[in-house]
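Labels run A, B, C and D following the written order; every chain starts at residue 1.
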Amino acid sequence: MDAMADGMTDAAPIVWEHESTLRVRYSETDQMGTFYNSRALEWFECGRTELLRAMGLPYTEIEARGIFLPLVESHVEYLGRARYDDPLQLTTRLRMSGRARARMEVEIINAQTGKPVVRGYTVHVFLDRAGKPVRPPEWFTKRVTPTGQPE
Amino acid sequence: MDAMADGMTDAAPIVWEHESTLRVRYSETDQMGTFYNSRALEWFECGRTELLRAMGLPYTEIEARGIFLPLVESHVEYLGRARYDDPLQLTTRLRMSGRARARMEVEIINAQTGKPVVRGYTVHVFLDRAGKPVRPPEWFTKRVTPTGQPE
Amino acid sequence: MDAMADGMTDAAPIVWEHESTLRVRYSETDQMGTFYNSRALEWFECGRTELLRAMGLPYTEIEARGIFLPLVESHVEYLGRARYDDPLQLTTRLRMSGRARARMEVEIINAQTGKPVVRGYTVHVFLDRAGKPVRPPEWFTKRVTPTGQPE
Amino acid sequence: MDAMADGMTDAAPIVWEHESTLRVRYSETDQMGTFYNSRALEWFECGRTELLRAMGLPYTEIEARGIFLPLVESHVEYLGRARYDDPLQLTTRLRMSGRARARMEVEIINAQTGKPVVRGYTVHVFLDRAGKPVRPPEWFTKRVTPTGQPE
């Protein structure tokens, strides 16, 4: 299926890309013997956290500066099994979607076999402390312009 | 936005609809003061569980008969806040999507204020005990044909 | 084993007792086919929430009045299996432990079979908004004195 | 308080000790702004998993050999706050408790400040595939005898 057509990506350029790893916890399995479906969104969070840290803007610092990035949308495609203790490799990509949304696309594969596990994305708005939508502040956008990206 | 265009529904008819309720647990909140995003998928599960029970086919019985309904896709739109102990009302709708997929659409509102909280869907395949995709068995499909629905 | 000796109860009188029910969610199972161990503490929370509501002091109201009841200790004994969708019956008992601690003891049984699932307790301190330990306020203690208990 | 008296340790010798680290996930926080209480038990699992791997007996292999180690008891003392993204250091110690129980004691501190976060323990029985309690198999016990420990 065409990736553009199925909504997994959008036309905005990728402004940052980051790889991270984690292992499936026993608490994340269910009685079907693989991970419970909602855990994928928790792993997406791990990918986002590490991407933002790699960008030099840890999410703790973003919140400390008074900006919050709650989700307005999430999408997950379940592509394969992952069992307890399986090592997973996450590739997280950030796009700025329109003027005031950040979109994080995540692909997770089994780090040993290379087999796909899940892929999907989350869309985030920028809110101030009062919960009001705002434009991404300059200290954020200057990190995500093409020249902000390290070689 | 056109509901058809945004993928929240598909053209297949609704074969069952069910309402259920739950309250937000403290464990489901996060430091932003509302529910953590992945909890929506756990609530969707609660909606599915109660819809299947209402259909006369509790999911425990479906698994006991050797059929499993893992997710292949999930989608959530976050529409409003829900805080600890807020009463939520879930409307879950089942569509058969193509020949071998069940699609569960869920809308969650605050049961007191009527304000929307989340909406989304999950898509499920039918697997046998060996993990092989199968057609929905007759004991399932006869429940979800129009005549199977109670008045 | 002597209940007093094993720490499951203490000498303070029970000031409130409440029964509630819930069903095991699929998300709460793990690959061993029963509930994952940490879920017991989430169920204890459900029991506390319903006990406090029954007392006329929903925990939302307690926090709204500026009092927080974080845990300082938890203890769980795992007594039997509970599977997806099993109906559970919780009995929650509140004791005031010393002058400034609330102790919630919980027993969970399978509501159909009567078989024990878990029992345990949590110990809570009273904190103000600044996170400073405080004595239980009068509006709390007057609910939990013997005469406050309804017949 | 005397550690022996309060049940945090028992008289059996420590047969293995392991340190590991993790970071607090956003999904693990709650609206009080620190981690939700049940997450401590999920972190204890992370500590156990890494201790068993360091012993040369990953828990996946233990289950593959037909031995399961479910909890019969857990205990947690909450000693301090841990916020989103805080780095935690876990020290996990294994004792054989009586002939057929493994006891895992865990201490978690903030890896940056050194401040205590939680401490506690879990007690595990050895079950075979049929769910019947068994003695620890020789391939397990030979790892945990004093001579089995590497220098």
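Note that contacts are C-beta pairs under 8 Å (C-beta built on N, C-alpha and C of every residue); 3 or more make two chains touch, one makes a residue touch a chain.
The shown structure was predicted, so the numbers you read here are calculated from the model rather than taken from an experiment.
More contacting C-beta pairs link the chains of A-D than the other of the two pairs A-D and A-C. Ranking all chains by how far their C-alpha centres lie from the centre of chain A, first place goes to C.
Each chain gets a centre from the mean of its Cα atoms; for chain C and chain D, those two points are 24 Å apart.
Averaged C-alpha coordinates give centres for chain A and chain D that are 30 Å from one another.
Separating the centre of chain A from that of chain C, both taken as means of CA atoms, is a distance of 36 Å. Each of residues 26-27, 38, 42, 45, 83-84 in chain C touches at least two other chains.
For chain A in complex with chain B, the residues that touch the partner chain are 7, 32, 34, 37-42, 45, 68, 70-78, 122. Remark: chain C residues 26-27, 29-31, 33, 36, 38, 83-84 touch chain A in the complex.
If you check the complex, the residues on chain B that touch chain C are 23, 25-27, 42, 45-46, 49, 58-60, 83-85.
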